[in-house]
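Here is the structure we will look at, set down as structure tokens.
By written order: A, B, C and D. Residues from 1 in each chain.
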């Protein structure tokens, strides 16, 4: 397997950067969930390229064509499927791409694995463009979760050489104003000043023919306690398996994350208190997960996104045909920083993981039955 | 699902801290792999408790009883299975454990998920003790990999309040001496001085009825290039899914990991050079993985282990039966720091992930056929 | 994979005929299901050998040792696991077994697949003895289903050269008396006379050093309508995948089964009528399944069981070491007919398939929460 | 799950009878397999409707649009995906279809399962039209297998009230002339006279506003010995799981199948003999499979296909809205017999199952690497 994942909710992603189209299917979605296509398109717009100087100039409409699974504005229980046509592709000297692998890209390992039969155009199936279908199914999952009061938000927690930004997602309860603010800034970041500084850093790197990495933080609010499994299907395992499917992600952490290494048990344990008749941890170092199972607190996680490997500078590589060293300058359009566009992708991955766990536990709130109508006069 | 994982190699873990026994099965292992039980026991000994003042005093023999899958010292193609009897269990006031959840443990989410039917004794299926069967199957996988020249090593990269230790696993090629040194120090750490300082930190925390967390670093040497898959079954996804199955793990990163956030593309990209006729990256920020697929360089990853939640200090909790706040003092034997014992567990998880990917790709080197013998005179 | 199966309910079977023990694990079972071990043992007794002249004389206690997953008489949400020690094993000239494959057994394909490393003793992992752990997990599933009013029954529908027996399981509703009668006859068959005739046929074949096959029919009563999935996870697919995991099964059919080939649509379609306010098909050619989904009528299916390949007659085979033809006489104890012992195995497979589908659909009726007790005075 | 299946080769099917399109993806296909699109279209043509008086008059071009996974005429290692636009759809009074379920169709169980949110138009996701994408991926698998000398053939073994036809697929070795002959007759049947008689029977049933069922027999030639797994992933389990995914299939059997019930062991066991240095069974009651693993003999299996439930006669049903009995006349275009069109679908299912098992066992013969070309002058 490779591009198929999930337990009860089964996701498949297909397409290459320059194939006729890219697409996805999602099997296992309950029937009767209302789907707002305009809302889905607005969500996809957040990931789409060509919107800002910080992103690639490849302009894609990224309008999804719904193929199956929706009838009369609701999921119909059959597998959902959608596609995006690949329009704005440019041909290039692909033979050189086959011979001289780009550092930091999958070119070299793919050349070995696929014995040189892989599609190299635009990165093939390894392209970041494949996050578009991931966002389509993720956007569907987000709408399914909203129906039971679960909200997911993400933002840029760190970007480039900036000192660590102190704005964090609310780890106690959903802050709707905070979620809205993220979308209004120059980059999807809680703090307006930090957003502006991050933006400037990207432009600076771009002008130097270089690229920047960063950290995306994501939270899921309203997931009831008791969802997920011990060991290999905990919420952490499920989110990590999806998040590491996003190209360029090199680390995933939950709650206090790698910071736990410097905490003592007395500091890291989240004490419980009763609040208005509810059991409530007073801190959330656990990131809302203990033993793989939700505690009822927000699920908080972060993913590290590496700097775009495609940079305009001359780089050292090898010529696989001649068996000698070679220089390489990556041509074409590319993002000086993909972190801003990775923000909705983190939300998509999180939504799919949470919805799958809810379904497997029989905890998803099924929509009511559709009324039987009489067609007679 | 929960305690079952893997694609071609299918792993199941079962047992609770105080059930009659704990065990594991591993389906999909090729036939003909020589298995050295004494070597397996030495591996398990590295995880076993009661060996040091830094670990729980619960003394378990942890001797595996091989149930199935081995004939005449070789895997026979049938599912491997093994068990460890649970000997040294002590009864306790379990009713209190049900009512007053321990902070940082799975008690509260398990109470919700299992509607109070879970086994609370010793942590039940959430106990760190379940890493023993994980090490049994991992130890089998390690021996399978050794047969094709793949070596896996791990050590403590960071522990407690220590400044970050500068000793790192060789990320270019296998350093047998380094691997051996790790096992000879007071704690499994490359640097002897760091090991002693970490040991002292654990004793200090223990005396203060507290606990410490840390970071385990692990490397797989000799995995050929071209193994693994794009998107959801990359080497990163596979290792992460297993590593987050180890209790207390809150973060997983590969290569430069979260550090990529502060690198530029020109710094993070690993340049290629030809070395003795082989394509070789000159650095390994990728941790041996690009696009989910191995590059031929060592696979390098780290996992963050939280401080043991069981501490001797009085903690704030709630009484679930009465619906009011409560104080809690966790009694019984527990590790002031489980990081040292987590080192072989990381190796086990890594071995299982790598072996599964090799098998799925048809890249595992199958042992030769067994000669047919004549029994006649 | 091989001996692992299931979606939400994940089953693993391990062991060989002559390994120290055989066993199973079952992951995904909800917590709080009351389990009656004595009832489980009575169920296993129906499969156990050595009870009758129609079965092998290998006498196995087949008493399961519960390893994990049960606390205070209820499932605790952790994986269930159990084992049976392998007591009465007899050594034999196994080198001959390796060299001269038994016709009708897996010896020859296993020799190729496992490159001669397989365990040949007693048939290894291919032994019918592995249906004992399948019955353990199946027996657990049966008790889980009983809690929501689902009953499963099976009997011998056809055996040996007998003319087709006209007694059929009630395909409209559960007939408790019929289910009970099956267990009281000389063989598990609805009709007492047929049971006696079948018994005589087996004894006759046995005396001629031969063996007989047959057909087992199975029904699940009380499964609500609307359970299962279209295409590859329909109830038919799920039952078939498990039933073909029972050694010697060569065919599986549902409802009218292969008989549909000679029916017209007007005969095969089951008309609907309202009965006491309920939608009710007036016949059940569908075997309770349309489009992979239950109709609310009993699920009816049959499996064809081949005659035991181990027979006392001289047979033609080959010598794999010498590469020449050879004669073979299978020694040891074996069943002249395994069909009677396959009856509870069919029930076990059916129960596991139905429970898995109910769980995946969120339709299993979860047991109530356990009351929190106060341990104080 | 529902419409997703496979171990290493992961298949997804999506679409409804009247959705904008139907499609499929196939993940896990090795790179470098030459794919002949014209050959694929000829294969699909065998399943397509509107070709004969025995099939529905719904005329679909059924021309697949390849979306992804193919570059320069070869698989490229990325998931394969393809679609067929749904052109010739006719609107109807769907409200009646929701209220009055058609006997023999999935309408009623789907109404329960999907709480009335399912797409009823043309049968939705339950439509036999979904076998078109199954044939697309099956056709790809067939071409992959041909590259290693594996051929798959199927024909109608029995149809309607005809006496059992004595022509059988060669169960010893591939008979290319026989395979070719099947495609030349009026219906895909080995015997020309039987084909004509079957054709006449279908026309007769059609004129009586009725429909016929039948049995399709399928064989895979050239599969090497030693492929498949014991218990739940044997070749039988894999084929059965896919075959029961074909709408209308109610039974699956292998080799002697249900006939084993009347055979003795001495008759059913296939003796081994050496033939030209090869181990060769002298009969093939096993259908090429013992213990779930191939014997090297042809894999032979049969599936029972029920008569099309859509018939023009008045039928008894119920009105779900009014809760009373109702009469129903199914309008629209439908096949009086789908057995002829099911023949290539059986081949597709068989090819997918065999290819998946070969891949999981590392026994698929990987295509050679593609030569690196120099683009310079």
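What we mean here is this: contacts are C-beta pairs under 8 Å (C-beta built on N, C-alpha and C of every residue); 3 or more make two chains touch, one makes a residue touch a chain.
Since this is a predicted model, take the numbers as computed values, not measurements.
Annotation: B-C is the more contact-rich of the chain pairs B-C and B-D, by number of C-beta pairs in contact. Farthest chain from chain D, judged by C-alpha centroids: B.
Measuring from the averaged C-alpha position of chain A to that of chain B gives a distance of 27 Å.
For this pair, chain B with chain C, the centres built from the Cα atoms lie 37 Å apart. In whole angstrom, the spacing between the mean C-alpha positions of chain B and chain D is 44. Residue positions 1-4, 7-8, 13, 78, 110, 113, 125, 230, 320, 360, 366 of chain A each touch two or more of the other chains. On chain A, the positions that touch chain C within their shared complex are 7-8, 78, 230, 359-360, 362, 364, 366. Considering their complex, residues 1-5, 7, 11, 13, 101, 103-106, 108-113, 125-126, 130, 158-161, 205, 210-215, 224-234, 236-237, 240-242, 244-245, 247, 249-274, 277, 279, 281-282, 285-287, 289-296, 302, 304-311, 313, 315-318, 320, 323-325, 360-361 of chain B touch chain A. The touching residues of chain D, counted against chain A in their complex, run 1-4, 8, 10, 12-16, 19-23, 25, 27-28, 31-32, 65-69, 71, 74-81, 83, 93, 95-96, 98-99, 110, 113-119, 124-125, 320-321, 366-375.
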